[in-house]
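When the chains are written out, they are named A, B, C, D, E and F in that same order, and each has its own residue count from 1.
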């Protein structure tokens, strides 16, 4: 392949009520093998996908939230989370799971994958992409 | 130009499959190439040959199969999404010990890598869903 | 006799909760299920709607759906009651009809 | 009390089938009767025996079939909705010249009258959908 | 059957984008044979189902809007349409199809099936039902 | 290069149009399809959002979906352009990327 493309996965839906969040994550996992320039966008109800303390035992559904934490090992390290979406839902970044990656360039220092952005920054991010996959 | 098409919903329940079909047809008529049509989420339900829509209604599975045959389209049903929803070809049915299969002619079952690959190879990717 | 209303949609993306609250009769109960439970979290833009429902009658949220989405009891708008599926069944039995706001 | 249950969405894609299943189970545990579980719209997709969900996930078709068998539930898939979506029993397959069928054990295919009848006969009717 | 039950069909979704409106109508048609006390509620985007001048030829979909006009012959004559829902969408009752029935009690005089109601009246209608089917 | 945004949801029931309009960059185009075309009707509560999009760039609506829903050219917000599927294809080709607001 000639060059890397910029892929953005847009997550706008809450988890569990519909399968879109889970199946979007499956695409991200497979896509990681293709070594493209990958970003994840969490806006609107998509921010609920990253909530800390998800416990699906009583709902008898698969808790896939832990998988987000594993993405750093696959070079998926840019989780753009929209501040306005959080605020509208009564949330702050502190309500989300800590998600980190190890930076090889800096002696494997642990760094946060979650990047809070404003709506305007999210719009600018969209405008830089080659491929935008929405779920 | 090369276009990749993603269909995320099944036929009839949502209009996404109709829109994707008409869009794909119009793109071909304008001389564009179609890298691939990838069926994901409930979109895999477009690929069952067991549908019997009312006679006065369109048959979306047939429309896709025919468009695919006419233009040599690569109609790919995502394997993981298909298994969850009971869409199997004969090989898959055998592999999972099922006594029947239902994949429609002109569709093939493959992995999610085909979606990423289409995004890399195509000039544009368009998503149709709910 | 009063009505049980179920809302399974997030109030931030859909108008189901808003429409439901606009059609409550006094004494009606509202049960949040599935993605609808995200409306139970305090401090959100949907809080006023939920409080309107609380003023009209009981408001409930399905515990297993709250847990799945990481919404703890202390995060919830005051007055909303957590119920399990058995509680859901009781609510259906106690009201004359159930209306699903899909 | 006699309860009628309506399931309007397929498994996995929407949570409706999960919720309806857990509700039905809880109602039975509380001693209520279930007049009928009626599968409509994409809900008919709960009744295909060809699903192969991931091994670490729930199998909703199986759960419904087993609950149905244990409690003698009447699990009815709407014929018109099912035809549109490619859910057929052996008789239907023969009638429409299809080479395979996919209805799961414990489900039966019947008309919309069964939904109305359930509404008339039950003390309460509860709809689960999208 | 001992007595008539009051059935309310709640239509809140626009036609064509999803199948709910069409398949709801199929239930109403079959349900008419059961001689219950049937009402239809059109609120939120459900009011679009009754729009005049629907033409699905170019969209290659089935135009089922005409079927509403036939319901009067099956004793389905109460189409409650919410005024607030119309207004929010820039619509008035005049934008809807004329739907009528013939009143046997008054020498088959043609009467309108559409009954515009306020949101409060719609709430009161819901509170009178035995069975409420939502789509 | 600019972006084509597609909206297939009614603005009265869902937040897709609102969210889309909040994420437009100058010069971006917005295309209403499927149930999204009901947002093209003038005099509704969604008109201001559509006008914001018109101020940013072109706004289009799929003709066959407008026709199906009984929305005539004279009913539409001024400035929205009717396109057929061929026009949809052209919009995709003319913009660097397409974002579907599902």
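Here are a few things to note about the model shown:
The rule we apply is simple: a contact is a pair of C-beta atoms (placed from the backbone, for glycine too) under 8 Å apart; a residue touches a chain by one contact, two chains touch by 3 or more.
Since this is a predicted model, take the numbers as computed values, not measurements.
Path length between chain B and chain E in the touching-chain graph (shortest route): 1. Between A-F and B-F, more C-beta contact pairs are found at B-F.
Computed centre separation for the pair chain C/chain F is 33 angstrom, with centres defined by C-alpha atoms. In whole angstrom, the spacing between the mean C-alpha positions of chain B and chain C is 38. The distance from the centre of chain C to the centre of chain E, with each centre set as the mean of the Cα atoms, comes to 27 Å. Of all residues in chain F, those that touch two or more other chains are 8, 12-13, 15, 34-35, 64-65, 84, 97-98, 100, 102.
Counting partners per residue, chain E has 12, 16-19, 44, 59-61, 131-132, 134-135 as the residues that reach two or more other chains.
Shown for chain D are the residues that touch two or more other chains, namely 8, 12-13, 15, 22, 41, 54, 57, 80, 125, 127, 129-130. Judged by the touch criterion defined above, the protein chains form a pattern that is neither an open path, a ring nor a star, and not fully connected either. All chain pairs that touch, listed by label, are A-B, A-C, A-D, A-F, B-D, B-E, B-F, C-D, C-E, C-F, D-E, E-F.
Against chain D, the residues of chain C that register as touching in their complex are 6, 8, 33-35, 62, 64, 84-86, 88-90, 92-93, 97-98, 100, 102.
If you check the complex, the residues on chain B that touch chain E are 12-15, 18, 22, 54, 56-58, 130. Touching chain A in their complex are the following residues of chain C: 8-10, 12-13, 34-36, 38, 41-45, 47, 63-65, 67-72, 84.
In the complex of the two chains, the chain A residues touching chain B come out as 1, 5, 7, 19-20, 23, 26-27, 30-31, 33-34, 36, 131-135. Looking at the complex, you find that chain D touches chain C at residues 1, 3, 8, 15-16, 19, 22-23, 25-27, 29-30, 32, 124-130.
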